């Protein structure tokens, strides 16, 4: 019972790390970036390649899995995304799906269409027991890493100068410019952070969800579900949503397997009917 | 009453000008006529391409149905595949269990899809953001997908529905290997439905939809019943999507689960946005462009066509579809102006 | 005979803030009644309550004696309650003819016709033509609304409300933002509004109020503060102090 | 409208006259339309088959009985209506002599009526549902069927004295096929299946299902999942310590797909699989095949898809040889029936009754040899027919 709960929380945490970047671009920058999963894929491949081909230890690859997508993200933001901020949402959808197409084909061309696998270090394999509850080591690791990320992210947004500037830039671009805030730079940094988080999520997720060129589309729906249910006003909303979806999915499949695939969608529809603005709605 | 004030002076020339302005949108434009002439010509001139063309027309009709709600009612959805898929399955099941006559299947598919539209429509009327609407509709479509997978006794599950046989159209035209009957059939059905949709969007009802899309607050204060109006167009859009699905079943004589898959709903949205929303032909034009590009690229490189496809879409968006699209329209307007002069 | 529009102890709260505090107001048939008050007095909230944009927290609203408190915005509009908006709420892509035609045909029950061609009903066309002329929109009648000068857009705003043939019309700051050059046209049009429509004017602009209204209600902090004829209100020292005084500072 | 109908009628009449599709004369090229998922989630299937088919042509020359062989590869992205349309275009426009490929069952099923109508030899190189060959008399299969392999796994499990086995399958056609076969065969041999679990196809996390397996405490668990998903399953199986708790992992060989086996690492060592092909099969034919394949496609190891494509090409070549280059559909199909040859996987033949492949089924375990993982065969069931028919 508790094992199931912990599995669910770990899964939810993973979903949150992948979704958090999207929540930021969608919520704060009001940009529909369906190519978010492509950055997660880049992160995944960075980890897989540096581990398998260069023999780096798993932990050492994680910063790279953040930095590389972040850099790619920043580059893409400056050259491409920045032109799309003023366009309609529908055009942003077309634009970002085009990027997904290209990313998927490029990954296929560079790295092949097969599943990319990694072998975790021994200390992350297997499980341990606390008070009779068996816990997977990797899942415990996921929970710790993601919890640290959540706290760090929250602090970054609410306590730092960068967070304050970002919020100012989002609230009123013109006023922020007037205050001497480099709005373009802030957006680029934010976007890079979001992409980096996605990449980190992709890297952490290889072990659970696998990794192949269709990855961007495979996780897109899950990530969107998390962001929509959570609402885009805060990061706490998606975090709660990710935990709910994670535990409900795992527990649902355990206790009522007949409902298996239905559950997550049913849950989403019901939650959205009850709270159309998301769990944590924007303040009026 | 107010009427005394209103009927003070009946200004005939003003009335005529008003009438001209109101009929403006319903008038046939040269580009439209050209479009349908090209479509008809393709039937006779490109017999080798009828299979691809059928697929294009079906996708175009599907995208047109989506345009009715996105472009005309301003409601976004990512679950339109539900209606397409339902229509496809109903047409398939009709041919197996009831009658192999195609038009009956088409009608039943249309009814079923419209009924589903009426049933799920209220979900769209939630006071919610576009994102919420996208995800709720997506959720409905995915539920339907899973249901079809589970109900394999009825739908054949993941193996697909087998044994779909369709009688000759009108008892005369057999569905041939070349896809000629299929293309003719799809083209005529699409043409008729486009005419109907065109009539509806240029009616007073269509005008009220545009009003709701542009400014729902004002529309309400004018006493326009927003909910029922949106529900009606949603059901009609579902009906057309269902017919598009039925056409696919009847021309391929097979139904598989991927008629309900996520990519169906996503592709059609892509096609519509590519072609442009809100002028009825966006879906058809988008389908032509999308499918031809896809066919061309995947013939060149079956593995990596998605890259080139993505690149083209990217360039189209960055340049601005408006600029590409208004080119023919500005030309048309110029022609029109000259014609008047 | 009952009043055209009446509120009884109308209330609205936002959290702890009382925006409308038991306001009772009577709008007589054919009235030219102004509702004034300093910024933040709750005028717009009051209009939103009357029209059903916001739900009430207490009290009743009667339209021609009929209780409409529980009715929706759309139902109230259909019962003859028209309004204009402080900030233009127009259909930017449509022409004035289309916008007015829409309003007229909705009122005549033709708005749901899915098969009729636009412009095919003579009765509707006549009304459109008359409204277009009445509201001085003839020159721009077939241009997209977004291209119209602001004053014309303001006129269209009122024309749309009147096209619904309302019994009661709420005008929410009709002259707000209209440049001086276009102002005269607007005031003339307002003065010519049909007498059988009962009008509640919500205004900030005292010149307009004094030239248009016959009766004035003053709202302060969401509370019914004073009411009387134009002369009475002008002479009321309390109003001078609370309202006009604060206006000078604004 | 009247006129339109007349014109339509005329065109239809003209095209139906052509529909007889005359068998092409000798000397003209014999085209093989290879329809494969080259993009999307099953892209690796397409990649393997295409590589193997091209290898076969490269090794055996592009001419058979005076006919030049041309391969036309099309991507259907595993969407059934695309498959059908591409097949139709290949038939009417490219005038192919045979269709081949078909990554998944519904894709083959969608095309089958067309094959019947056009009398088109159709070689299924991947799809594994039993009923595929029954869908048209012109369909021949060179891959395998799920029941063929699964029934032997179940027999072996019973023979080894296992009493209780839980099944875990993906909730789609082949998975359900495997579940039914396993339950029936294992039950007939006296075993018990206390729980049958079905995984949704879109399922990123297996933990709830593995927990159920652990709760049931069986002797073994039998698994059938699409090949890419298998690796994830095994990892989580080992992560939960199920292997150490004495539960054996039995599976269809797709789970230890040769293509990606090396990346799976030690968790793969837990699996005992039954299958018709291993790249480690010990025969000269296979050694030559694997070597040539890896030389032509660096970094890839041929898997069961590749061998299906390779043998599919062999069936086409051998049949053309027999007909002397005559590409008449009936004759080609007749020539394919009863073919038998030495494939890299071992001896195989085409059952003349069912047009399905008859082959050995091997039980294998994963072993580490040097720095590579291989599926090493330890038991053979010879000349197994599809029990589904």
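When the chains are written out, they are named A, B, C and D in that same order, and each has its own residue count from 1.
Following the convention adopted for this analysis, a contact is a pair of C-beta atoms (placed from the backbone, for glycine too) under 8 Å apart; a residue touches a chain by one contact, two chains touch by 3 or more.
For reference, the UniProt names are A, B = Branched-chain amino acid ABC transporter permease; C = ATP-binding cassette domain-containing protein; D = ABC transporter substrate-binding protein.
Since we're looking at a predicted model, the values are computed, not measured.
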item	value
Partner chains shared by subunit C and subunit D (touch criterion as defined above)	B
Reference subunit D; chain at largest CA-centroid distance	C
Chain pair whose interface holds the most contacting C-beta pairs	B-C
Whole-Å gap between the CA centroids of subunit A and subunit D	36
Subunit A and subunit B, separation of their C-alpha mean positions in angstrom	34
Between subunit C and subunit A, distance of the C-alpha-averaged centres to the nearest whole Å	49
Subunit B-subunit C separation of Cα centroids, rounded to whole Å	40
For subunit A, residues that touch 2 or more chains besides their own	104-105, 108, 261
Where subunit D touches two or more other chains, by residue	39, 43, 46-47, 171, 200-201
Touching two or more other chains - residues of subunit B	146, 149, 263, 303, 305-306
Pairs of chains, among all present, that meet the touch criterion	A-B, A-D, B-C, B-D
Of all residues in subunit D, those that touch subunit A in their complex	39-41, 43-44, 46-47, 171, 197-205, 207-209, 211-212, 228-229, 231-232, 235-236, 238-241, 259-260, 263-266, 299-300
Partner subunit D, residues of subunit B touching it in the complex	43-44, 47-48, 51-52, 54-55, 146, 149-150, 152, 157-160, 162, 172-174, 176-181, 184, 248, 252-254, 256-259, 263, 298, 302-303, 305-306
Of all residues in subunit A, those that touch subunit D in their complex	3-4, 7, 11, 52, 104-105, 108, 112-119, 125-127, 134, 136-138, 207-210, 212-214, 218-219, 222, 249-254, 257, 260-261
Residues of subunit D touching subunit B in the complex	7-9, 11-12, 15-16, 18-19, 21, 36, 38-39, 43, 46-47, 73-75, 78-81, 84-85, 88-89, 91-93, 105-107, 109-110, 113-114, 117-118, 129, 131, 135, 171-174, 176, 200-201
Subunit B residues within the subunit C interface of the complex	1-2, 4-11, 14-15, 17-26, 199-200, 202-208, 210-211, 214-215, 217-218, 220-226, 229, 232
